[in-house]
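Next, two complexes with chain A in common: one pairs it with chain B, the other with chain C.
Right after this comes the complex of A and B.
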């Protein structure tokens, strides 16, 4: 069998399996879904959370719960499952086993906010997660015959799993957790428990302060230098960092105008529009298909990032790659504003191998990858870096932290 | 307070004249002169703490920047020295000892830096084959040294662009010819015409920037683009103190970019065309006038100083990755 034939067979087997699961009896808490859902999961999540923090399922089972399920013919379900097969490798969660230990209410709340897309954005999700972790740590009691430095991580694991089930982990959350693990294992054994817990909470606060808040301030200054009076700044969707850069540049009495490009279904650009017009920055708002008509007027494109990679690629909200490529074609410099804690040592060449699906009725991956050739510069808190030098960020970081 | 301001004014005044006098030595380039001038500032400074010293250095650098015609390469030198001072381990007991050490290191660096061009020339020799035809742009000391060094061992011939408006290419022509190297001056606009006769291009640099690109005399970018289109290698020679933390996003994102560059002159009320003050039909053109107008059309015209001022002195050549 050729590779293509083998793949076809695999797909067919997977489709029949999924269809079999769909038609079979199932309860929300025990069935793994084809993909994690965004909308309509509040109800099922809440009930699931009561049980033990397991997530709701993908489309086939969701169809069963709703009243309209009987309207879905087998063929229709088959069609949609086949259509989703293209991204089905994104979110096939492992069958959630019984969670060892309870999930802290703070984590449950954050999980709900994630899955409802009430908290979006790499920075916001990381800060929300770390803040919830502080509550977990404060509520933690070291079991007898054990040490905090060894056991706390085991205690945190189910909490982390719960968040991952709500929405796949972002690179920022992953990096923060890695740093937290390091701090926990380095925790002084002789410290009284409350002191150790307070020390960890301080470390978390410092991480947020240094790697996000202060980093953003440095980026505001550095990127602000690239904004001059009369510029027309183009931006896409809503990056918390770009918003800060624009507001700060306006505060510094630079007089420019902004074009916000937005796209469905998230329409996050509306929130940015609100924030900028609140301080009277002249803004134009349009959807992605209208981009070519405004590109000749743009001076610079500023975008944010979910993560930046060792090969110079930028992983960001779906649509960013399109905007960046078009901008480059029109000789508009593409500037990515990104803190160093978003750096991932992985190498990414496409948006395909790892992504997340949003709304399921339309094929809607949440992220895409902008190749390094379309990026002019990346502004981080350690300096302005060309994409070809992205792999040197850890070294640059080490130097600034060392001094 | 008054004493310090006096001292600083004296320093401020000194730094520019010091810098100028250092520059009189032909061998010393602007960043090195800046480093030496700042070293002298450290020597004369009465700062008591590192903070004061760095502040004084920054003020001095600012003065130099404001008064120099080409701030980019000067700034590279200033930033290099100030970063060196800031990162210098200052746990010695006596601050004046520290200052002496800084001065010593600054002067030692400048002395060593004078050997850089020689080192670069030796390294560049590997790229120069016998019978090479080389194109260079304007006048660059490091390229001169390299070409003269190559001439001692190999046969080379050199095309050099005129590099208007300053015409520094002609200086290159004079020096190469005096050394016995066959050399021809090429019009800036004839580079594309000549490119297929050229083995490789060799230019100097004002600064190498963070994006991996090059800042050099205006015309370098054009030559680089033509070379790339013709698959001719383009080499740039740069001493390490020319590396700058600038990151230009475009040609116009350079600190040397003045608002009047490539600006259009303000037009007054439309004036009638001066060549034909009276409609031709009504006045017969005399033979004199006819000759005069043909003379004017074939006569060489030159740009006025005002027109030249609307043009840039340097341009930004992107690295291969950023095209």
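Right after this comes the complex of A and C.
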């Protein structure tokens, strides 16, 4: 090797070492314009053949040995490439294998069901969580020199953290917990412990009954009025509320047909398909990319929501925004069926501010944000509301903004 | 039709290709185009004709047969039209070669172009070695083959030109790749178009960027694309179709492939293209389509907004493993989307970049008016 070549090699090795030290596993820039090595890709396509990264002259890049070790941990997504960096603030779903503190077995079970996606959907998760909380409360014993109203919340905190580790908290869970905190801190100090616990459990039951079950019944009636004989209802994935609306309308002897649009990763539409065909509703099933072919035949689009926001945007299963966009382009009214307890005072404008990633090897956000311009109306238990009036929902419930 | 063995052999070749087209044994725009050119080359080399109209009729009837065999593969018809166009051009050059090349200064105007078509190129100077000096003997009673003998070599060259163009499509489209893709960009693509693949790989040798590939259910052809791109060293991320809208705000460009480019500038493309294009429009992201010019089709999509001209196997959507659901449910699996010209910003072809509004001009230049109906 000539002196120049030796010097070049030394420079390269020095740069590699410095870069590897400075930024951990990110790609060291050995030569500007070198062909991008396969490092970034093996992190994004775990199933792709792992090539040993090569620089232009075939020498393996020093930093690669460190990289491969990182591939197997479920830590924060390492940002070697801009493509993955855009979602790196979400972290990755972790299985709650490490249980710190006293976590009640009911909570552990619910956590496992969440992380395995056995229980999905904002309503289902909230109800499962509250039911587990009832078990926790019943099993709780106030330590001496403490009051239930002050200590119970600290007792519940590790339980909540465990659930968050399983899957990021949904807005419904957050609102329910906030309400529960209010009830706990407002519980009467003079009540004997068992009575206080029973009172709390009754309050939880009432919350579920009022904000979810009865709200759904009101929504079924209100939305049902929008369905007429001969309608072709379009829906996406599986919303528990929309399912109830359609089943109730069919029971009320309305004769319509349904088009179910479905998509990976969760393919929830199949479950809805089974529920609807069980009562002989005529259904058409297709995957998301085929949507434009059936839109000319649809009369209304019904979707559910994970949460609704003060600016009128709807946060819902990934793909809903696409369906709403295409429906709007074909002048199909977009109706969102959503209980008021899903309301969140935050303002969101794109799907990046808060989202969840499903799978490690495939970048798939589980939710997306439908902007208010695509939505025709939101059906809640306090009425049918246009997206521009979403910020007035708490007022309709008799509360000030922020509760 | 003549009964001599040569034309019977020609018929056999045509029937063979027609059968393969009908049975979908030849699939894909470029493959069908190549096969069609090869068949036409055989037909022309074996054909007997004593004037140009006979040859045109022969080629036209071959074209009609092939198009009827598989009307959904537009490139069959396009290739036939292209060959006819080249043949007529060679014929006009040869017959006018003896006359003075530039009789008068031609006046060019758009109005003239629209009414009269492309002014015939005056390439007489290059063809002097090939043309026969003196008059071409058409319809000569004593020597019916004189015309064919004189012009066949020229025609075969013309067909070879068409073949060359088809074979170099990927290279030519990729030439401009580095101008369209910039450093550190995030590009979205769907499906498994070979033209797009060549385009992206060519850019990768000059630029470092990321590609997001959508699954493209239910064919999941996006997966093959992602696999191929990542093994050639491009950072690739595979996403399900449902996240296209969610990610669009971070995407710099959308690059799509086409199945056929229609006369109004719209296109038929694999299902999912319309979703990607509409989402891109909602975010003001540019949409470019990479395609060879052999996909230009002088047809329109007047009667339906959706391009459901072909349906694929529904078991990809809802398979028989779903049990008794299969009987109770209608399953739809269209293979193509129609994308309106307003959704597309540019077509990157093997012969330059063109906006959708000038597709009509490309079609007028590439094909002759009388061939639109084969």
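Convention: the second predicted complex is superposed on the first by the 305 of 403 C-alpha atoms of A that agree within 3 Å, B and C clash if a C-alpha of one lies under 4 Å from a C-alpha of the other, contacts with A are read in each partner's own complex, and residues count from 1 in each chain.
Just so it is clear, contacts are C-beta pairs under 8 Å (C-beta built on N, C-alpha and C of every residue); 3 or more make two chains touch, one makes a residue touch a chain.
Since this is a predicted model, take the numbers as computed values, not measurements.
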First (chain B), second (chain C), both or neither touched by A:10: neither
Contact breadth on chain A, by residue count: chain C or chain B: C
Touched partner set for A:353, first chain B, second chain C, both or neither: neither
Contacts of A:206 with chain B and chain C, given as first, second, both or neither: neither
Chain B versus chain C as contact partner of A:387, first or second or both or neither: first
Partner chain in contact with A:291 - chain B first, chain C second, else both or neither: second
Which superposed partner A:226 touches (first chain B, second chain C, both, neither): first
Touching partner for A:300 - first (chain B), second (chain C), both, neither: first
Common interface residues of chain A - those touching chain B in one complex and chain C in the other: none
Of chain B, residues touching chain A in the complex: 87, 210-212, 245, 247, 249-250, 253, 319, 321-322
Touch list for chain C against partner chain A, complex: 184, 186, 204-206, 208, 210-212, 215-218, 226-227, 230-231, 233-247, 249-250, 271-272, 274-275, 278-279, 282, 304-306, 308, 317-318, 322, 325, 328-334, 337
Residues of chain A defined as touching chain B within the complex: 226, 300, 331, 333, 335, 372-373, 376-377, 383-389, 403
Interface residues, chain A side, partner chain C - complex: 33, 35-38, 40-41, 44-45, 48-49, 51, 81-84, 86, 263-265, 270, 273-274, 277, 280, 282-296, 317-319, 321-322, 325-326, 329, 350-352, 355, 361-365, 367-369
